[in-house]
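Input: a single structure, listed below in structure tokens.
Order of writing sets the chain letters: A, B, C, D and E. Residues in each chain are counted from 1.
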Amino acid sequence: MAKESDNLLVVPPVPAESPLDAPFPSKRMLVNLGPSHPAMHGTVRAVVELDGETIHGMKLDIGFLHRGFEKTCENVTWTQVFPYTDRLNYVSSIMNNVGYAMAVEKLCGLQIPERAQYLRVITSELHRMCDHFTLVSAMGLELGAMTVLIYGMEARDLIWDRLTELCGARLTSNYARVGGVSRDVPEGWGEKVERTLDRAAEMADEIDRLLTRNRIVIDRTRGTGVISRADAIDYGFTGPCLRASGEPYDVRKASPYLVYDRLDFDVPVGTNGDNFDRYLMRMEELKQSDRIVRQCFAQMQPGAIASDDPRFVLPPKPEVYGTIEGAMAHFKIIMEGIKVPAGEAYAYVEAANGELGFYAVSDGGGRPYKLGVRAPGWNMLMALPQIMEGHMLADLIPTFDTVNMIGGEVEQ
Amino acid sequence: MSQAALQKLKERFPDAVTETYAGKGGDDVALVKKEAIAEVCRFLKEDPEMLFDMAPYITAADYMGSEPRFDVVYQMYSTKKNHRIRLRVGVPESDPVLASVTPIWKGANWYERYCWDMYGIRFEGHPDPRRLYMYEEFVGHPLRKDYSLRGRQPLVPERTVDEPFRGPGPTGG
Amino acid sequence: MAEETKPAAAAPPKPAPPPGPPPPKNPGMVTFTIDGREAVVKPGTNIIEAAASVGVSIPYYCWHKRLSIAANCRMCLVEMSNAPGGKLMPACQMTAAEGVAVKTDSPKVKDQQRATLEFLLVNHPVDCPICDQSGECKLQDYYFQYDTTASRLDVPKVKLGKRVPLGKLVVLDQERCILCTRCVRFMSEVRKNPQLGVDARGNHSVITTAPGQPLDDRYSGNVVDLCPVGALTSTDFRFRGRVWFLSSARSICTGCARGCNVFLDYMRDGTYRYRPRENDQVNQEWMCDEGRLSYKPFNDGRVLESRVGKARASRAAAVAEAASRLRTHAGQGTLAWLASPAASLEDLLAAALVARDGLELAEVYVGGQGDGWQDDFLRRADQNPNRAGLAMVARAFGLAVKPASDLAAAVAEGKVKAVWAVGADLATPELAAKLARAEALVVQAVNECELAAAATVLLPASPAPESDGTFVNFEGRPQRFELAYWPRGESLPHWGLCAEVGRALGLSSRWSSARQVYEDLGRRVAGDLPGFQWSSLPSIDRRKGLVPLAAGTVDGRLPGHRERMPLDGNGNVEWSRLPNP
Amino acid sequence: MPYQIDNRPADTRESLYFPEIFRAIGLVVKTFWRNAFFSRDPNTDILERDRSSNRVTTLQYPEEKAPYPAGYRGLHRLVPRPDGSPRCVACYMCATACPAQCIYIEAAEVEGDPIEKYPKQFVIDELRCVVCGFCVEACPKDAIRMDTGEHPAPTYAREGQIYDLKRLLRGPPVSYEKDPWLVRPSRLTDAALKADRAAARPYGTQGTDEYTQTPGFSVRELAAEAKARGEAK
Amino acid sequence: MKRFVGMWLVIGAVLVGLVGLFAAFYALAALGARGAVALGFPGFFGSAIVNAVTLMAVTLMTVAALLTVAERKWSAAMQDRIGANRILVLGKFPLGGVPYLLADALKMLTKESIYPAARSKFLFELAPVLAFSPTFALFAVVPVGPEVRALGQTVGMWVANPDAGLLWIFALAGLSVYGTTLAGWASNSRVGMLGAVRASAQMISYEVSLGLSLVGVMIAYRTVNLQAMAIAQGVEVLGPVPALGLLLQPLGFLVFFTSSFAETKRAPFDLPEGESEIVGYFLEYSGMKFGLLFLAEFVEVVILAAVTTAVFLGGWHPVLFEGWLKAHLDPLAFGAVCAASFLAKVILLTWLQLVIRWLLPRFRYDQIQGLCWKLLLPGALVNVFVTAAAVLVDPSLQVLAWIGVVEIVAIFGITMAVSKPKAAHGGHDHGDAHGHAAHAAGH
């Protein structure tokens, strides 16, 4: 990172131990990858300084997808923020919903019903699977293995179909609400989900057979994009990328939220912190998510799906339609937004790529006074120049993929 | 959760830590004077009882109208001890400068750039004090409460760019 | 927000009270406690006001500080240590007494509040969707704040008149009425014209007028503002917009020379209503019906394009044309300046400067609306808000003041061949017809009118809500109003047009805001306005009822709104980029 | 409980390249064989497809359409009353709740009717809409729904995406069971109302959200009583 | 089931059609030969000209163009998709996506050509031609069918039959590098340049192993003439099994196939393209110029499949039922069957190339060189020495054939063996949803 401030064009040549190892005196080339580039997720621009194919300097320029998420949220009601959180990590939107809802609930001191907690876990884990499927298959794509991509998409879309049945939209789920979730599960949904999970596991198995032990993949991913455990922590890595470096930190275990403490699942941990470990980490977590979802269905009991605190939750529709009390509460909440008690809170969940935190400040009004997002991808993207230093250009792409930077959340 | 850490911090820096309290939902918060932030952070990272080794999430908030106007917030986590702490540093509008903690945690880099970009809080000793999201010619700091919602940025005239990364902006020069 | 969990400053331990009736802590004042907070008030202050002075709010419907106390809504019941038998006492009716402990948040009080609300809501129709009051309705506010329990209703609601027109401006929904009788008291106590009363008993009680007698008082609109619920609504504002979309600007009614202080409620670039704003020296908190409707010309019949002759022209071209026409007559004695007393002080200052320095004039003809009715309450016969200001400006610039009829005569005689009219209001159409005979008639008009139709060069001017400014009322009291929304169409405030005309005439008039005009020229009239600070608007909470919503939207825009104004980086309008070449 | 992932390097066999490549080819060739030589199950529910002979998961879109699930947030519609007028009373709740500000309403007064208020103009700009469904949640009249199971048809011009009252007001007059506004002296008799409701079938299958599954409401009869009483009076 | 039968019917029909087609080609070649003789030229002169049209301009181009469609349909079948089928003939028949051929050609031809401002003008235009023509010319020496007597003339199914046929292939394959390199260089784009450099380095390296892998075949068949090789592969060596190149040189085949893959610059050797890293040497090309570069790749695929067939898969020998066919068929018909079987093998090989292309991830630049110099080249050298030794020991190729059999068995065995992870990993295999007892106990 010390190099960040240097001018890219005058990086001194790496000193060599013997004259034979001395780098061939060559002119360095500056190549712009992005902001529009097939492998740049979203619209990140990487300025890469190449010596031949070797990266000798790299700078990232982000902001092409910046939509002013925080500013926008400061000007809508607490509830209206939900659709915007959908668009943070758009592959796994419900986890963003849940994280944000938990931040608001922390401010309100609101307890949500157990069923809602289970539903949040189920949907979160399903979306985690979507995210991981996207990642592993996209890694295949970016290494050039198209077939893997399609297999992964097939599995992901099946899961998305189930989520559509639940929340009414494929991608922009907008599912969680302050105090609960928006809908209960449809008839027979659980059984359908389990069948979908079977299919997804089948696809994951095929991806595994196509990729994992293939020497080309191992060569391309093992030992590339390495970040040590200490560096990963120092950079603030979380989630699979941190665990791939050997640090078994998982928010679901370290500070269990929702009902994660009642669920039996394990945390896979890698050793090398390279692309291969990060890829394997996702493959393992697919299996763990599968376990969690199945357990949730076994444990979940019927009940309310949203808190009944009238200050924060819209009254049930019958009351709105039929009684003045309901109508007035309904109007107050929608006109002015939920009046979240003044204060500040930081809530964090284990999103697909790591700790997703929401720092919410309320001034007691109907809109967030401040809403900060700790997007997990931020830290990993930040570390990319260091990770890539001295590696080859071709490694940049899979590394970019396995750290799984999602433009939506990083650029907010 | 980590009231002990909070206590220790308070004992170690009786002057710099002006106040500690338990925030909503049990978050532990310490208000720290802005002059001491680097020192406090280094202590928090290195003290064997603290070990807040993971790079903090740094953000800011603009409490326009109150003094100090800005509030820089550090969310810290320790992987070794599994505890968390939040530092809040008041930053006055007249002198929005803080010591950078990037030398302590590499991961603080972009968050500090973000605070500069969005709130105009400068971090002294930051290795790469550029804006993060906005372009260098951007006028103002968008997340300040007095930044107009419906304003328009001036157009940047087309010109030759010698330094392809920084662009022709004021700090790119 | 930062302080939410900071421990409240611990109250210092109180010394044990001495036996016997204690002497007053603060002689001449009453000292007592509300919810543990000590309050010091003048004797005779009622508990609601006393509580408000220490930041405790007590809910109420029927009480109003300018009306007599009825204590019939029972919403303000509080626990008082001196109440007989621990009864709850109405805070509106009880005055503070030395050493009394008042509790407004004890379980008993809370229960009572809930019970009262439930009672009030038993017969309330489910009308929020169609009720104009929702958003500034005290039932909604208090229900959400003090009740929030679901309905236990198991009986049919009483059916009463849903849409009873009381008068021209007021319509009554008897089902929504909570019978607080504020309106009744207003009519009998403030207006001394008891046109409203309560009829029938129990569930069948309704507010009503005498049979065959409409509510035709000239101040009837105030009952709409007084009504804490949606029972009395204004026929004028009815269904035109939702209040939470409205923003308010502190403004001055332009209906007459009284200059009642008002909130001007606007959305996008339309004015939706006036609400009286409290000012004890001018209008207390009332206004007349006529004034209440006097915002209409801001919206309708506006001149929004420049014209040369009958043809549309760009504003720049029209200004150049106007300047050239005026210049040919300047200094010849054939030119006259007709000023409107409806224009603001800044408009007139700017115009006077142009008239004196650019056009070498020494007199001003005063136009303006003719006189209307007058009473001893608020209304003045002079229907122009700034006649006093015009006189001041004329004096400051050494201009002789003459009536518009003189100008008509001069035009008829042929002495005056060119007229520059700043503001086109005239008392009678005949006057306009006479002026129309002038060779060159440069008119800056807000609304289409006879004079505007006859103008050889017509420049579009903006009315009060589209600029800042000052009116001087008949007492010589300067009153500021603030900008609500940007000028519509091609229009500019008079001062802006005068600046352009002045520039075309070779002056260096480059004001970009009314404030600059005042800073530039205001010192000339400052002697007449002792103690007047241009930038000091009385700081009153801008809105009643709903707080937020400038308007409930992401970017400050309203549903369906589209960008129109060119703004600079700070959100200020870039006048130079207004739609004219 | 943390466990170690299997990240061993390639062993000698694997580092010969061809073994794993051949195996992978075998897998894909098997898929190829099945997909190329056996016919596809055209079931629109992908999950239900028979995968034993052909694994293709494609839907031939314009010809085969996957049915949207019951709770799908589709194109908006305004629910009509049985007499065809909109049930909407122009309360602006949807416009207020809409985070994208895509709803534009103008209210007007109904003469001689206790409903009093109706939308003279109700426009949704589907290009601005983010399909979050908050308008449906915000409606206190069950007057706007997203149960059409369609999405806005593509158009060549922006204007085509502006849905006004005429385009929005469609579909069956399904209703939440209790409609307090129906106490007005309607042109409709009770029997006709009942028949209308029986004939009206919601789109798609049984809904699962709380709006479509709301149980009967206790004030329902009371409203009828009130109405009767009003007529008696 | 209907589709199953239908597919086989289509395949059968295509084969029969091919036989007919080649019969016609033979006849045309014979006519050409007659015409040449009539004009006083040698007969092969005429047949070569006719063959140049029928084989290169018609067969090769058709197959290469069809490959663009096949790529879509075949990859779709691998990926659980349907593939291109939206162009309907007569509004009804997708015809397996074949109409896309025309649509693509139309699109390529009518698209605007965009030129980078700072290109090298002449070379920019030249590069696609340079890339296309040498690969195209490679096909001239490929013997598609046997020599047959028809219409009184002895005609072969090839354009030219030089004695140094393989050398022609090496020479021209070496030339095609220039097109690629120039394309990247002349467009004056940094990524294009990177692609060009990668392409040249890769192709030059792989030519070494490509050449060495064929040395073994040359030793075995004692010729560099492709026709002679094809004939030599018809000789029975182990009982009824003919001396196919694949049997005698399994290792050589693997090396050659891999190297030829690298020569075609297709995945997993598509570094010059590398669409997710650098978009490739043709980044700045558009319209038909891009089309030419694109088509050159497909032509290369077909040609290298053809060369592989000629050298390793028995050339035009139908292999199965060859004796019966030869005995019972008219020579011309036999020749047509042979040529059709040659084309069938070529199609099979291109299909295999496509499977690999869609399946495997791409190498990295250094790994591709490592593979070439550390694995393929030693392998090829070993192959050369072993072959030479075996031929020296037994010129009748029996020993070589046995060595080949051993190699094939070894390859098969290694493939089927499964590496197991060292540590037991239990409980996480899929299908064992409830098998987490071990971990549950661990909590």
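The rule we apply is simple: a residue touches a chain if its C-beta (ideal position, glycine included) is under 8 Å from a C-beta of that chain, and two chains touch if they have at least 3 such contacts.
Since the structure is predicted, the reported quantities are computational estimates derived from the model, not experimental observations.
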### Message
Starting at chain C, how many touching-chain steps does it take at least to reach chain E?
### Response
2
### Task
Name the chain whose C-alpha centroid is farthest from the C-alpha centroid of chain C.
E
### Highest C-beta pair count, chain pair
A-D
### Task
Give me the ID of the chain with the smallest distance between its Cα centroid and the all-protein Cα centroid.
A
### Message
Centroid of chain C to centroid of chain D, CA atoms only: how many Å?
### Response
45
### Message
Report the inter-centroid distance (CA atoms only) between chain B and chain E in whole Å.
### Response
60
### Task
Determine the centre-to-centre distance between chain A and chain D, using the mean Cα coordinates as centres, and give it in whole Å.
27
### Summary
Check: chain B positions touching at least 2 other chains come out as 23-24, 149
### Query
Tell me, which residues of chain E touch at least two other chains?
78-81, 358-360, 419, 439, 442-443
### Summary
Note: chain C residues in touch with at least two other chains are 1-2, 4-5, 126, 128-129, 134, 153, 244, 552-557
### Query
For chain B, which residues count as touching chain A in their complex?
23-25, 27, 53-57, 59, 61-62, 73, 75, 77, 79, 82, 84, 86, 102, 105-111, 118, 127-128, 131-135, 142-143, 147, 149, 163-165
### Summary
As the complex stands, chain A meets chain B at residues 1-2, 4-5, 7-8, 30, 32, 47, 59, 61-63, 66, 68, 70-71, 74-75, 106-107, 109, 231, 233-238, 247, 249, 254-255, 341, 343-347, 355, 357, 359, 361, 369-370, 372, 374, 378-379, 381-383, 386, 411-412
### Task
Spell out the part of chain C that touches chain A in their complex, as residue ranges.
1-2, 4-5, 121, 124-129, 134-135, 137, 139-141, 143-144, 147-151, 153, 244, 546-549, 552-556
### Query
Which chain E residues qualify as touching chain A in the complex?
75, 78-81, 190-191, 194, 198, 267-268, 270-271, 274-279, 358-367, 419, 428, 430-431, 433, 436, 439-440, 442-443
### Query
Considering the complex alone, what residue numbers of chain E touch chain D?
1-4, 7-8, 74, 76-82, 85, 254, 352, 355-356, 358-360, 371, 375, 411, 414-415, 417, 419, 421-423, 425, 439, 442-443
